[in-house]
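Note that chain A is present in both complexes that follow, paired respectively with chain B and with chain C.
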Partner chain A sequence: MDLSQYAELFLAESREHLSACNQLLLEWERHPAAPEPVGGIFRAVHTVKGMAATMGYARVADLAHRMENLLDHLRRGAAGRRAGDDVLQLLFRATDALEKAIQVSAAGREQDADVVGIVAELDRAVQRFAPDTAPRHAPPSPPSPPSPPPEVSAPVVGPGRRVRVTLRPEAPLKGPRALIVLKRAAGLGTVSQVQPQPAALEAEDFEGQFSFWLAGPAPADLVVATLAAAGDVEEVRVDDDAAPVARAETGAPLESGKARHIRVDLRRLDALMDQIGELVTARGRLNQLAAERRDPMIDDLAIQISRLSADLQAEIIQARMTPVWQVFDRFPRLVRDLARDLGKPVAFRVEGKEIELDRAILDELGDPLVHLLRNAVDHGLETPADRRRAGKKPEGEIVLAAVRERASVAISIADDGRGIDRARILAKAQAEGLLDAHVETLSDDQLLRVLARPGFSTAAAVTSVSGRGVGIDVAMTKIRALGGTIDIRTEVGKGTTFVLRLPVTLAIVRALIAAVGRERYALPLTYVAETVEFGVVPITTVEGREAMVLRDRVVPLVHLRQLLGVNGDQPPARRPVIVIEMGERRTGLIVDGMLGQQEIVVKAFDAPRGTLPVFSGATIMGDGVPALILDAGGLL
Partner chain B sequence: MSHSVLVCDDAIFMRTMISDILAQAGFEVVGEAETGVQAVDKYKQLKPDLVTMDIVMPDMGGIDAVREITKFDPDAKILMCSAMGQQALVVEAIQAGAKDFVVKPFQPSRVLEAVQRVLG
Partner chain C sequence: MGDAQVVRLLVFRVGSLTCAAAAEVVREILPRLDTTRIPGAPPVVAGLVNVRGTLVTVVEGWKALGQPEPAARTEGGTTVLLQIGGGQKTIGFTVDEVVDMLAVAEETLEPRQALPGLDPKLVRAVGRRRDQLFVVLDTDALLGPVLTT
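Showing the complex of A and B:
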């Protein structure tokens, strides 16, 4: 059978189990006497072992097996001992090694899986726990002295015959197999005088041959046929008469039936999404055509197709939704390791694990979150001594939370640490020439922009964890590329919170279509706060920039015509201003006209060098003409 | 008529593989369970012709599930799915009423042989 088709499923499920292992190890570390974690870890490792063996990944299976041995001792509370720190650390390392071995094996490079060192460590640990017990993977102990002859006192029930059974040499688990043969025999008559003793059979302490006394009327050929069909039986002899043995060959496949479950390759889902995208585009064209023709029959059809494709689209988007825990679950381990390395005790909490995001977005979210979590542990939190001096409890707190907002998901990383010292950042930014000397205070926005400058770091010492300044700019670039935003809130002495806002899905968004010159541009509605008419609200100048005053708030203005370098024909007299909003920031975009809202299919867009950084992608309009999608983040 | 099967294993991977092997041989997989408790519930509800049962599962292991199922239906046909090194547990399962066992890693032919033996 072709196993490669199961490789992805194997990988995905193994990751879940490894993630569970890490979670449980953390729990165990916190509550060393609790009985639950070790049982859960044992089950997870055991499951991985079975799957790996089935896939033929011998090294993964071997490592999992050794872990299982150790866990089994711990689970049985060997000598009433609870897990010491050294054992826990070993299990953490073994879990990491298992993850690596799984990854390279699933990638087809099993020979690169190096498990020798960790396997030896695990075995040494097992021996420490059970010095007098051979590890379970050791070859079976040599046969014990021959079983005593049948006890004379053992009742021989009625007339009967001695039956001798030989199991196939390659049969796995000969003990249980012998038990099945005996159970079958018991259905034919009364079984007694089993040799070797049943206890030895069950312990596999025999060579695959056993015999028993069978009393009852069943004819010899029936006995042979019944017992030979017990599986893995090589030979059955009754009363020393060599009876022929028919090997039970069964299992001829019947006609193929219908499975009730199907599993879909994720790439299929992506392809389906692309197709739906094309359908949505075609639907747009049909709607336009229907509007031009004014034919009620085309109209009806267009409406029907609109509804059907909208339903289809909703179904597919739903199928792509993935709960955030699939990414979040590895963070408790990450934070723990960091906290340990840096000597800062951290209470880490995760909230909103069940919130769902498009898988494509979620897959990209791991890296930025790792950067921000590292920052929080390394820079956000003070040392325990500093915390005590500041009157805080020595253990720092970090909360990672996901919340569903209207059309987006907000993910926050909050620490209760020292907060960011604005004055210090301002001084450094001014010294580096990033800000004018006359700026006196930094707003949250300015602060974030300074922090996100590539290479800007205020970390006194560049640690291996963070401090090279790559944290926030990497996170920011990634989040922006996903059509999201980052905000920061910080207060000295209280802590720092980063909030990432991400669209729920990437593939299809509702957008406002604006005209500038002869081109159309799409602006995702997520970031559109409102539209007003240019010139109706008062215009002013702030710091040399044109701005308008909208309900007592100053909103800077951007003329898209100028920004995009549109010359020639005059702009229309009446022009709309689209107010875009991201967190606290607002900007008004002056465009030539508005062409309405519609759903657009977002296509990746490779910007040529020198393109303004204000586009996040492209789309095909209903008439087949491409349009660029404006990036709200780049315009603010 | 094809036989109905309930597949019990805590790993989707294993359930998928067993289901595929059985479906390709013409069996109808009518249900899947990922814990012992689910296995017992689904057995009572679906009354399948055959059950494949993993030994190590969360929330009531496979052996206790075998006990519960045979208490409910003494004729239940249960095939244990075991890993190497679990002979003691397999013995326990057979004493609890399981009819046969297969050992991971599964070979389809061996699984089907065992299934045929159990269905007799």
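Showing the complex of A and C:
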């Protein structure tokens, strides 16, 4: 039987258990006397072992089994004994090794899983706990077959029997397990009339009870023994075709009203999203047509289709939403490892785990967050000695928090460390020629821009962790590509906070459509602060750039005609200025006119060489012709 | 032809030049589509087009091959969608007309040679159809540099 189709499911489920392992190990490390973590870790590892054995990944199962041995000793035999640091570190390493082994096995390269070293280490540790008993080298054995019920143990003759199998309720991967049972049954005779349908066996809500018709001469006790040996089998009953079902079905009826979840391949959701995008585009075309035709029947239909597609769109977007913990969960371990390497005790807190973001955005968020967290531990926090001298508690604090704002999600990484010394950065930036010599202070905004310069680093010594100046640069590029922004707040002696603001969803945004010459450009509304008429507000020149003064603030102006190289007829006399805003920065874009607001589907395109770096993508307008989307980040 | 290697080619005309592209890189043949200019892109780029919801950059064939500008582009014209970089990317290429689909034995093609007014790097081979020469283009060399990596 081909189990490879389950590899992805196995990988996804294992990740959850490994994540739990890491969380519990961290908790255990913090409270070595707590009894709960070890039990939880044992259960997680045990489940992984069961799943790996089902999938036939012997090395993963073997490693999990050795971990289980050690955990079992810690759980029972070593009661009262606190887990030593060396044992904890071993378990951390073993969890890492398990993760690696799972990854390569699921990728079909089980032979690359190297577990020999760690297995030996685990066995040595077990021996220290129980020197008199050799570690069990047996591979995970299937549970012993339950004794068959007496009423079916008599040999059965006839064309066939119905065999009922109940899997253990806690068995993982029930579907594949059921298929293994069926395969074993097929070795005994002809299997038919499988109930429920084989497809239902693979369903996420398959409860582990199934039956089938087995034709063949195999005696009932052989059937029971053979099937039970498939593992994770709670009960096998073989009914004589003549005999009625010996016991009434006791299976609980399906509970109604319980939340039901299924795993959906992300590619399916992407395809759905693409099609919804097409639908939204077609809807735009229909609305345009309805407006032109002035036919009430087309109008009605257009309204109805608009509503339906809006609902559908909202549903799909919701289906793509994923809580941030799916990415955040690996950070406690990461911060802890870093903190250990650098000898800085760190209390790490995560807030707002349940906040949701579009899966596509969340998937891209891991790297920038890793960079910023590394920066926080390495540069943000002082050494314990320095902290004591500054009158702080030696343990540094880092808080990663997600908060839902209006149409965006703000993720902040805050440390209570030394803060950034603006004077030093300013001096360095001036020495490198990044800033004019007459600049006297750095605003938060200027500071961020200097820090994000590729290659700019403030670390006196470049450590292996960070300090090469790529961290903020990489994070900023990524966040901008996602249509988000980064802000920084820092105070010397108090700490530094980076705030990332991200759109909740990437795929569909409301945008202002602007006309420049005969061309159309879309500008996401998230960044539009206001629009004013050009020429109505006083124009001045600041540092050689044209600017306008808007409520006592100087807003630099950009003529989009010039910037985009739009030629042709004279610009109209009355022109709007669209003021875009990102953090503290504002810029006024002078366009020829505004063509309205609409929902646009953001699409990527392969940009030709030389394309101005002011576009975040393109969209398809109601008439089917593409329009480029202006990127506020690139324009500011 | 026996078991000689057969090469399938799409033959098209750009200005006075008859060219061909390997059929396996041709994804689709479309009429000329409305393009959206991409500010900053090199002059050979006609712009962005919408192919059933996918955005594709289109290269103006006559500019890329150094042909004189067609007198008036009133109607007609064809966009050929080509896959470049081993199918990694799709790019459009405008031609005046698609002439033929050919299957020729590989040995009847002559290796690249100097042709007046054409960069030899863009020529993979030269073939003959009804006593007329055609140029088998190296589409990766011709179109690959247009896109950023």
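Rule of thumb we're sticking to: the second predicted complex is superposed on the first by the 504 of 636 C-alpha atoms of A that agree within 3 Å, B and C clash if a C-alpha of one lies under 4 Å from a C-alpha of the other, contacts with A are read in each partner's own complex, and residues count from 1 in each chain.
To be clear about the criterion, contacts are C-beta pairs under 8 Å (C-beta built on N, C-alpha and C of every residue); 3 or more make two chains touch, one makes a residue touch a chain.
If you're wondering where the values come from, they're calculated on a predicted model, not measured in any experiment.
Of the two partner chains placed by superposition, only chain B is touched by A:G175; chain C is not.
Once the two complexes are overlaid on the shared chain, A:R43 sits against chain B while remaining clear of chain C. Touch criterion met: A:L564 reaches chain C, while chain B stays clear of it.
Judged by the touch definition given at the top, the superposed model places A:E202 against chain B, while chain C stays out of reach. Set against each other, chain B and chain C touch different numbers of residues in chain A, with B touching more. Legend: residue contacts after superposition of the two complexes on their common chain; A:H65 is shown touching chain B, with no touch to chain C. Residue contacts after overlaying the shared chain place A:D337 against neither chain B nor chain C. Contacts of A:L9 after superposition on the shared chain: chain B is touched, whereas chain C is not. Judged by the touch definition given at the top, the superposed model places A:E234 against neither chain B nor chain C. Of the two partner chains, chain C is the only one touched by A:I620; chain B is not.
Overlap of the chain B and chain C contact sets on chain A: empty, with no shared residue.
Within the complex, the chain A residues that touch chain C are 274, 277-278, 281, 519, 563-566, 603-612, 614, 618, 620, 624-628.
Residues of chain C touching chain A in their complex: 34, 36-42, 45, 48-50, 53-57, 89-91, 145-148.
Chain B contributes residues 2, 10-14, 16-17, 19-21, 23-30, 32, 54, 56-58, 82-88, 90-91, 94-95, 99-101, 103-106, 108-109, 112-117 to its touches with chain A in the complex. Chain A makes touch with chain B in their complex at residues 1, 6, 9-10, 13-14, 17, 40, 42-43, 46-47, 49-51, 53-56, 65, 136-137, 172-173, 175-176, 179-180, 183, 202-204, 229-231, 248-251, 253-261, 263.
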